[in-house]
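Shared chain: subunit A. Partners: subunit B in the first complex, subunit C in the second.
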Partner chain A sequence: MTTDTAGSVSPVQPHRGRPIGLLLVAVPVLMVVWLIIWPIISAVITTLWVKTPEGDIFSIETYRFFFSDGYSLSNLGMTLWTTGVCAILLLVVCLPIALYLRFADSRIAAYVQGLAIFPMFVPSIILSFAFIRVLGPNGTVDLVLNAVGMPKIRSPYLTPWGPVIGLVWDNIPLTVLILLSGLGSVSNQAIEAARDVGAGKIAVLWHIILPRISNSILVAISFAVLGIFSAFTLPYVLGPAAPEMMGPFMQRTFRELFEPQTAITQAVVTFAFCIVFGLFYVYSVAKNRAP
Partner chain B sequence: MSVLNIKDVSKIFPGGTRAVDTFSLDVADGELVCLLGPSGSGKSTLLRMVGGFETPTSGQMTIDGDDITHVPPERRPTGMVFQSHALWTHMNVFKNLAFGLKLRKVAPAEIKRRVEAVLELVGLGGYGTRAVTQLSGGQQQRVALARSLVLEPKILLLDEPFASLDQHLRERLREEVRDIQQRLKITTLFVTHGQDEALSMADRIVVMRDGKTEQIDRPDIVYREPRTPFVAGFIGTMNLIEGTVANGVFSKAGYSTPVPVADGPATQAIRPEALELTLATDNAQGKVHRVTDFGTHGLVDLELLDSTRIKAMVSHPGLFQPGQGVALAPKAIAAYRDDILIHRGALTPEIAARRETIDA
Partner chain C sequence: MKRRDFMLAAGTVAGALMLPRMTFGAEGVIDVYFSSDQNVIDFWTNVVKPKFEAANAGLTLNLVDGGDGAGVAAIADRALAAMAAGKDPQADLLEGFDTRVTVDGIAKGLYVDFETAGLSNYSKVNPLAFDIPTNLPYRGSQVLLAYDTTKLDPAGVPKTFADLVAWIKANPGQFIYNRPNKGGSGGNFVRRAIYEVNGNDPTKFKVDNYTAEAGEAMLTPAWELLMDLAPSLFDGGAYTSGNTQSLQLLGQSAVTMIPAWSDQALSAIAQGVLPETTGLVQLQDLGLPGGFTKLGVLSNGANKDAALKLADFLLSEEIQSAVLTELGGFPGVSWDNVSAELRERFADIVPTSIPNFPSGDWEKAINDGWYRAVAPNVDPAS
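Right after this comes the complex of A and B.
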């Protein structure tokens, strides 16, 4: 006989687990607040409270200077251009690699995957050195061309294309891995069903595969864009002296021009662009997950 | 009119596995042929070759006389329904069905008309705007079927389409699919490892084993006149008793039946429903091990004197108890030797009576 009355059963277990769960979460949350949130707030405050002989006053002068200074704007433009070109090139280069790795069943695919992941294990400074030795003036390419009697190429070293090539190469592994994980959710039967109703390879890619991996493409591009926008080593070593990307620009303003407030302003502007990309990514992922 | 001809088709995979071995089959216009066999018998590989998803190593396939052996799937006049439905979850029901028609550049008004008509046909009228993820398993399978039918293929290929559905739904859907197939008179090749599906739907059954044909016949013939012990054991429940024939009598551990074949080892096959049991105390040929009551009938699991287990179907399972001795009286038997049918026939009371004479 069951004569349960309302409220006679009370769950006890969840109450016991709650403090432990909160404690476990508290450590990383505090670390994020300490090492990320607080420096951001601190940087924003520093740029808005300007020191004057009369004392600290609220001013947007540093931002007004940044957005009215031609050199700062050309550096920002250069960073946006490099990021955009890299994002497009990464998609153009990595999507075919990921498609090949997903659908090829030969042994060669394993070697291709190894090669695609390899840049992940190469430090940026080594990559820069290798780039200079291969594509730089009197590098391997030049020597080979000279040996076969062909004219020298115009080296991308110290041009805007230098960082582009380096950054694309550096970001290939992560982009390929994210796209590959997205392609894993596209079943062989879904593709065979499309071919069965008359879809050729291009139609299958456009109508079946790309819509199914749009989330992965978004994640891959967002990760790449966020990393490239604030990149330092490759643009510093391989890029032109002027205009330069925001990473080297900030470093030079801080270390060589001794203008910490201007450098922090540049950092806040860089962060603002990154947060826009970040919010767009979060919004898109949330929208795609909505039922 | 759509006729499928498969001639001496073989498929050897790169590792050397011979999935299909010189297989031939002619499927007549409007006929539903079931490919039946255990896992690894090559039935799905064969169906995929007809659909264009695998290329035969040798042999030829034609549809209405046109060679399709090396035609890619997108250019074949076939429509395939996959086991996992393979619906495109980023499209709703209407778009799933309309996709193939759009690729064929059919006018939008005509697409709408044909999609709605085929949705009505499969009992999903008004479901066009639904997301496929909101449908039940049975509804998803209907959409998958409709997606193939809307393109009016010459040959419909069904690859274990009901395998992921529950028993009740499976029974209902197979009746619906059979009705639709007969209404449209569409030539159909159906792969299944479920014998009940094959027996209830097919015009003809192809029993496959290790990539080869064991028997091609009407379902009733495959059931009643299996040509090999494998077919006998695979279709329905069959008691296969290994024994010896001497002087026209098959015997095995106290059990014996007249079989008019030459002396030597033989396998006797008896359906449970063709094995009559009577309670016996002195001349028991077996012992009741377990009795299962299915409501409409009972199944007695019994042991011969050498512990060989066989089954008998009884109408009154309550009469039998575990441990009781029973006498066996088969009403119809088949005998095989070296995987070849050597005898088949009903045992009339007169013939059966010879057993006692001989035994005596």
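Right after this comes the complex of A and C.
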């Protein structure tokens, strides 16, 4: 009998890891279902089935209001504008930093890397108030400009560029890290080979480096866009009173106008835009995984 | 706040909301929920708590930041539900709270009636501050104008709202107020403008007389007045996003005048956030609104008697004097009940009247109306 048992165990061995693996992922998956998937479904249901005295009826009234209300639409437009401008600026700022960090091997590179990662450790509320001190009216920048005899600049503090500058600074570390990991897959040999056949710096960047890190760029942009679209603290403290970004707008509708259904509608619309970028990310990860 | 931070915060809040359901308020620990700002909580932590605990052995205070009015209102709603279920609400005293906010709360006896509660100091309360018997006023604060005396001679400071409007227009870019939903200093400046276009009569606004028609008729002229001011404000129509940010702009000398809470302005000057050359002035025709901060005691709290003892203690001369000296507010009791020396020192902020704008539907109409009518009137790209 003992031999029988032993004989029956060994063929199963290769599969033994599977139920344990599934169990290990079960906890996070259930958490995601409970804390994210279910609230999404429940939010969509809440906005579509409106409570009336005769019972719940199906209605798209809240969405009709959102998409016919000029104020809500201008807030959505503002959010899209901020997100788009931030994404472009992030790429413009972070790609050169990442390229420098990948190919430089001086000691300064280590300091640059530390500096690029630094914003990760600064809470956004502190960043916001520091922003007012530094870039605000009569702030440090104004004082420095004044000291060297330059004219005063108009502070971006209460303009749409306020949140843009804050959000770009806040998102630099993540973007640099993702781009840097992508650049790791660009081999020195490939670049040297290209140089040997006479390719210039631009040609190397365009034909050798960029095609290899396009995936990382997509991932970095998706991450940044997802965070910026639903940003709260920076657009709450910085920027103009109106139009608002969706994060503060939702919070105000919910907490100060006491209109939970309208706020949830705004959240669903925001989610619909975010899911597009989420799908981009999932698509590029899946493409990467496929052999 | 990033999404992940939000999830973490939401999880923590959800957990915190669920947790007390499984526990009971501890014996001898008075749970106090605050809607007020951090400076008030600091005042309780550093002054009220040690003094009260020293005077009442065996009683301790648990000070909880409820976030804002809506946060404390949620605690009150929970207490009402707990009363219906015969359970412990795990809360005893709600600071900075209007007991009217809880629907049916007063009718169902959720709050202690202070007229019959037998507080020994109750008769000292300032008659200006009396509201309804379930609200106990214990400190006051009023919005006033804070200005830079190096740029504006105290003799030329506007004393009426009309003068203020004229001054703002004559000095473009030198005045800023914050968005009315993000702090009372700007909020009460907006409310003062609403009084101005309605004959300076605060009695026209009551917590229960809001209708859509009345709102339209009484608020629209105020939006026109404020829109007319917008081009003369800082940056051609910018609004800060809170009381603190306005103080910061005055402190950086970016503007000459702001509306500010008396307590925040006084403590900012004391801490050096605002320079000593900052002047404070109140309008003489009708003051900028302010009010007395009230508290409610839950009748079904586990430590109701101890909470009443605390409420009585708050009205004692010791704490009321500290409200003046430590918090920069003004006392909830009549001025006869604070020391003569303090009466003399704070003569400038002793109010003769404090207009008090009702919360509820009017507040909602102002928050929505201002954002739709006044705020977008500025080209965001300019």
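Keep in mind that, in the parts below, the second predicted complex is superposed on the first by the 264 of 291 C-alpha atoms of A that agree within 3 Å, B and C clash if a C-alpha of one lies under 4 Å from a C-alpha of the other, contacts with A are read in each partner's own complex, and residues count from 1 in each chain.
Basically, a contact is a pair of C-beta atoms (placed from the backbone, for glycine too) under 8 Å apart; a residue touches a chain by one contact, two chains touch by 3 or more.
Since we're looking at a predicted model, the values are computed, not measured.
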{"item": "Fit or clash - subunit C, subunit B, common subunit A", "value": "fit"}
{"item": "First (subunit B), second (subunit C), both or neither touched by A:T52", "value": "neither"}
{"item": "Partner chain(s) touched by A:G200 [first = subunit B, second = subunit C, both, neither]", "value": "first"}
{"item": "Subunit A residues touched by each partner, larger count belonging to subunit B or subunit C", "value": "C"}
{"item": "Touched partner set for A:S68, first subunit B, second subunit C, both or neither", "value": "neither"}
{"item": "Partner chain(s) touched by A:I208 [first = subunit B, second = subunit C, both, neither]", "value": "first"}
{"item": "Subunit B versus subunit C as contact partner of A:Q189, first or second or both or neither", "value": "first"}
{"item": "Superposed arrangement (fit on chain A Cα atoms) - minimum subunit B/subunit C Cα distance in Å", "value": "35"}
{"item": "Residues of subunit A at both interfaces, subunit B in one complex, subunit C in the other", "value": "none"}
{"item": "List of subunit A residues in touch with subunit B within their complex", "value": "187, 189-190, 192-200, 203, 207-208, 211-212"}
{"item": "For the subunit A and subunit C complex, residues of the former touching the latter", "value": "35-36, 71, 74, 78, 124, 129, 132-133, 136-139, 154-155, 157-160, 226-227, 230-233, 236-238, 240-244, 247, 252, 255-258"}
{"item": "Complex contact set, residues of subunit B against subunit A", "value": "51-53, 72-75, 78-80, 82-84, 86-90, 99-100, 103-104, 144, 147-148, 151"}
{"item": "Touching residues (chain side subunit C, partner subunit A) in the complex", "value": "1-3, 6-7, 10-11, 68, 70, 179, 181, 234-235, 238-242, 245, 248-249, 252-255, 363-364, 367-368, 371-372, 375-376, 378, 380-381"}
